[in-house]
Structures are given as C-alpha cells and as structure tokens.
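In the part that follows, the structures are each spelled out as structure tokens.
Two complexes are shown next, each including subunit A; its partner changes from subunit B in the first to subunit C in the second.
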Partner chain A sequence: MNTAPVFIKIDEYKDVIDVLHLIRTKIAEAKKTLAQINELKNREDHELSAWHAEITEIEKRVDFVDKLLFPPEEP
Partner chain B sequence: MPVPPPLPPLERPFLAEPKEQESPKMMPGMPPRPMPVPRPMALQRSEHAPIAPRIEVPRPRPLIRPPLSPMPVPMHVPPPSQRQQMPPRPMPAHQDQRPREMSREMPQMPEQQRTMRSMYIKGDDFREITENIEIIRRRMRESEQALMRLNNLKNDQDKLFERTDSAIEDVQRKLMYVDKALFER
Partner chain C sequence: MKDPKETFFMHIPEPLIVRRAVLESSRETIRFMQQYEQIKSIRTLKAKKILELRRELKEVSRMVQELKAKMPEVAMRKPKHRHVHAPVLPAVPQERHQEKKAVQKRQPPKRLNELERLEAELGEVERKLGKLR
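Right after this comes the complex of A and B.
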C-alpha cells in the first residue's frame, strides 16, 4: 500500500534554529568547564598524593622518635 | 603729493535711456498687429541682466532590474497535490502564550526571513525529533542530578579538609610542646 508522506509544519523555524544554536553553544561551554574541572581534579589528585607521601614520611619519623624515646622493655 | 587731474565728463550716459518704442509701420491692406502685452517687471528681461545659461539636465536612465532570483524553497516542501491532502494544522497550545511583540515584529522582517519562519518536515522526522528531545530532557535531568551529587561531594570534601586542617594545627601545637620539653634548659 503506497501511503503519501505526511508533512508537519513547524512555525518559528528560525527561532528553533537559533535556540538549537544557543544550546550547542551552552554545551560547548559545559564541555569546556568540564575539562577545566578535570584539570583541577588531576591537580587535586597530584596534591593528595604528595600530601599522602608527606603524612607517611611524618608517621615514619614519629615512629623513629618514639622508638628512641621509649626503647622496648627487655623481658 | 600731487593731486591727479579730474577725469573728463562722459559724452553719453553710461546707461542710455531706452528710446521710445517706435510704432510699427503700417502697410496698406494689412490688419494692424496686436499690441504686445506688457510683461510684469519681474519677467521683463533687462538689457544688462545676465542671461542664465541653459543647463542640460541629463535624462534619468531607465531602470534596468536584475532578473528575479527564484524563491528559496525550504527542505521537504510537499508538492501542491500533497499539500491539499494535509490535515488542518492544530493550533498549538503555547501560541496564545506568545508575547505580542513577536507578532508585531513580523511585518518588519524582510521577505527572506519571513519565508524562512515556517518549515515543513516529514512526520517520521518529526517523531524522531520529539523522541530525541525527550531523551535530551531526561539526560539533562540526570546531568543536573550528577552535578548535585558532585556538589555534595565537594561540600563533604571541604568539611574533611577543615577537619584535617584543625588536626594538623593540633599536631603542630603538640610538637612544639614536645620540642620545649626535650630541649628546655
């Protein structure tokens, strides 16, 4: 059965195109912001790793001082 | 300083008085010529008045219009035979809520934009567009919820940083106490 195609009229076609262009611009801005957040997240991870190393180093030195100040009791 | 001699008087006045108009000679057997109608002073041409040169005004060129370009045809424009089969377009619900300025700006728009205001698309394309818009709307809600979760994580992270900062300050104070206790004289 050969059916004729149905066409639908869209009013304010130019406004729709303008809004789509605006949405595309907003999406590009969101992607740019997401990339900046990702960059900040990478720097944060780097700082957290460095902080973790510092804390580990402090813990080792505190243990060393603790051993020096309080030697193990001889049985 | 010697004074120059006076100039001799003119033999005739610089502006000669016009002679009285002589009456035309009457020829026997001819009707008398009508007397000329005196022209008003403004229209009388003086003997010494400058005559304005005749300026040849160029005639305007005939307008040669470029051939009319064909009207831009929007995509998927149905032929007239199919246009008659289309059902009457239902009035959208949001049309009454549209501000009045939009309709007032319509007549001021050029012809090119007025022709591009409306467009016909296929029904299948329209269905796909509406489905995609619904998916986009759902994804936007999910994206907003993800952003809220990230914001909550950021707040929790800030609280942990504040707590860690106070803990580090406490450790520094205790270290100073130990330092004083060990190396105090």
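Right after this comes the complex of A and C.
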C-alpha cells in the first residue's frame, strides 16, 4: 500500500471540517429520532399488552355470565 | 291445547351479579376501543418519525458523499495481477449462441430500485475497502 503523505488544500480542509461538523450534528439528530421511535414502540407494546389483559378480562366476565345463565345439566 | 303465543320465562340466578358482569364487560369493551384509538395515534406518530429518520439518514449519506468529494484522490496500487486460467467451456453451437444473445437483447433494461441501488453502492464501498487492506 502507498504510504506517501497526502495533503489537502487549506480552504478545502476547512470545508471538510465544516462538513464533518454537519455530519455529526445530523447523526445526533438521527439518534434522537431513533430514540423517539424506540420510545413509541415501547408505548405501543405496552398498549398492546394492556389490550391483551383487557380482552382476557372481558372473556372471563362473559364466561362467568354464560355459566351462570346456562348451568350444566345434571345427569 | 297450548296457546302458541304463550311466553316462558327463564330464571336468572343472582341477577345483580349478572347485571354487574354485563356492565363491566361493556365498560371493558369501551376501554378497549379507547386503547385502539391510542394505538392508532402512536402508530401514526411512529410512521412520521420513521420518515423523519429516513430523511435524516439520506442527508447524512449525501454529506458523506460531499466529504468524499472534498477529500483528495489517493492513487492506490493495483493488486498484483494473478493469472487465472479461464475455465474451459464446452463448445456451444453458433446458432444457439446467437439465439441466447437475441433473448438477452429482447429483455427491457431493468430499472434499479432503491434497494438494488444501495446494494450496488455498498458493494462498491466494500470493494474499495478491500483494496485498502
């Protein structure tokens, strides 16, 4: 591999530093958005599990009424 | 003879308990519907955020390309040429060969979709990285 020193013009170097700074800012923004998405996903999961608990509760109550209204016949 | 319109009644044991159970079921169902609305709004917000993230990542990608353009081109040594023997293929009749070419020509130029474009870009970057090693 070529190991000769590489140089960059000073004005371009400044541009590179600026672009790097912008990239870092954008990455920080993307990380923040990703964290928000993750938080929304957790909220959604939480809501879904509450949904599951709710439907199980409804099912239990309906079963209870069903058993009360239609008791099993005695042999 | 029995009157066909005669009404029969069924005894409901523990009517208060039954009524309470029915009302509670109704309440739970309404809560269920409320949660549905909540989930719907969370999903809408999530979809919006995903689009936002996509836009930001595209921006990062564009900036990295810009950075790449600003960096000086460094001549890399070509890897040592290794002589590879071409595999000996069985002779294909000329007629069949031409037929194959015609089939290839008839196919419309395939437009690269976003995924294929990214795949190609990744391949290119990996090829360059391989050269650096």
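Everything below uses one rule, namely that the second predicted complex is superposed on the first by the 61 of 75 C-alpha atoms of A that agree within 3 Å, B and C clash if a C-alpha of one lies under 4 Å from a C-alpha of the other, contacts with A are read in each partner's own complex, and residues count from 1 in each chain.
Operating definition for what follows: contacts are C-beta pairs under 8 Å (C-beta built on N, C-alpha and C of every residue); 3 or more make two chains touch, one makes a residue touch a chain.
Just so it is clear, the structure is predicted and the values come from calculations on it, not from any experiment.
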Return first, second, both or neither, reflecting whether A:Leu22 touches subunit B, subunit C, both chains, or no partner chain.
second
On the A-aligned overlay, A:Asp11 touches which partner chain: subunit B = first, subunit C = second, or both, or neither?
first
Considering only the touch criterion stated at the top, classify A:Glu47 as touching first (subunit B), second (subunit C), both, or neither.
second
Please determine whether it is subunit B or subunit C that touches the greater number of subunit A residues.
C
After the superposition on A, what does A:Gln36 contact: first (subunit B), second (subunit C), both or neither?
second
Which of the two partners, first being subunit B and second being subunit C, lies in contact with A:Lys67: first, second, both, or neither?
neither
Subunit C-contacting residues of subunit A that also contact subunit B
6-8, 12
Footprint of subunit A on subunit B - complex, ascending:
74, 76, 78, 82, 85-86, 89, 92, 95, 113, 116-123, 126
Touching subunit C in the complex, subunit A uses residues 1-2, 6-8, 12, 15-16, 19-20, 22-23, 26-27, 29-30, 33-34, 36-37, 40-41, 43-44, 47-48, 50-51, 54-55, 57-58, 61-62, 64-65, 68-69, 71
So, in the complex, the side of subunit A touching subunit B is made of residues 4-14
Under the stated contact criterion, what part of subunit C meets subunit A in this complex?
10, 12-14, 17-18, 21-22, 24-25, 28-29, 31-32, 35-36, 38-39, 42-43, 45-46, 49-50, 52-53, 56-57, 59-60, 63-64, 66-67, 70-72, 74-77, 132
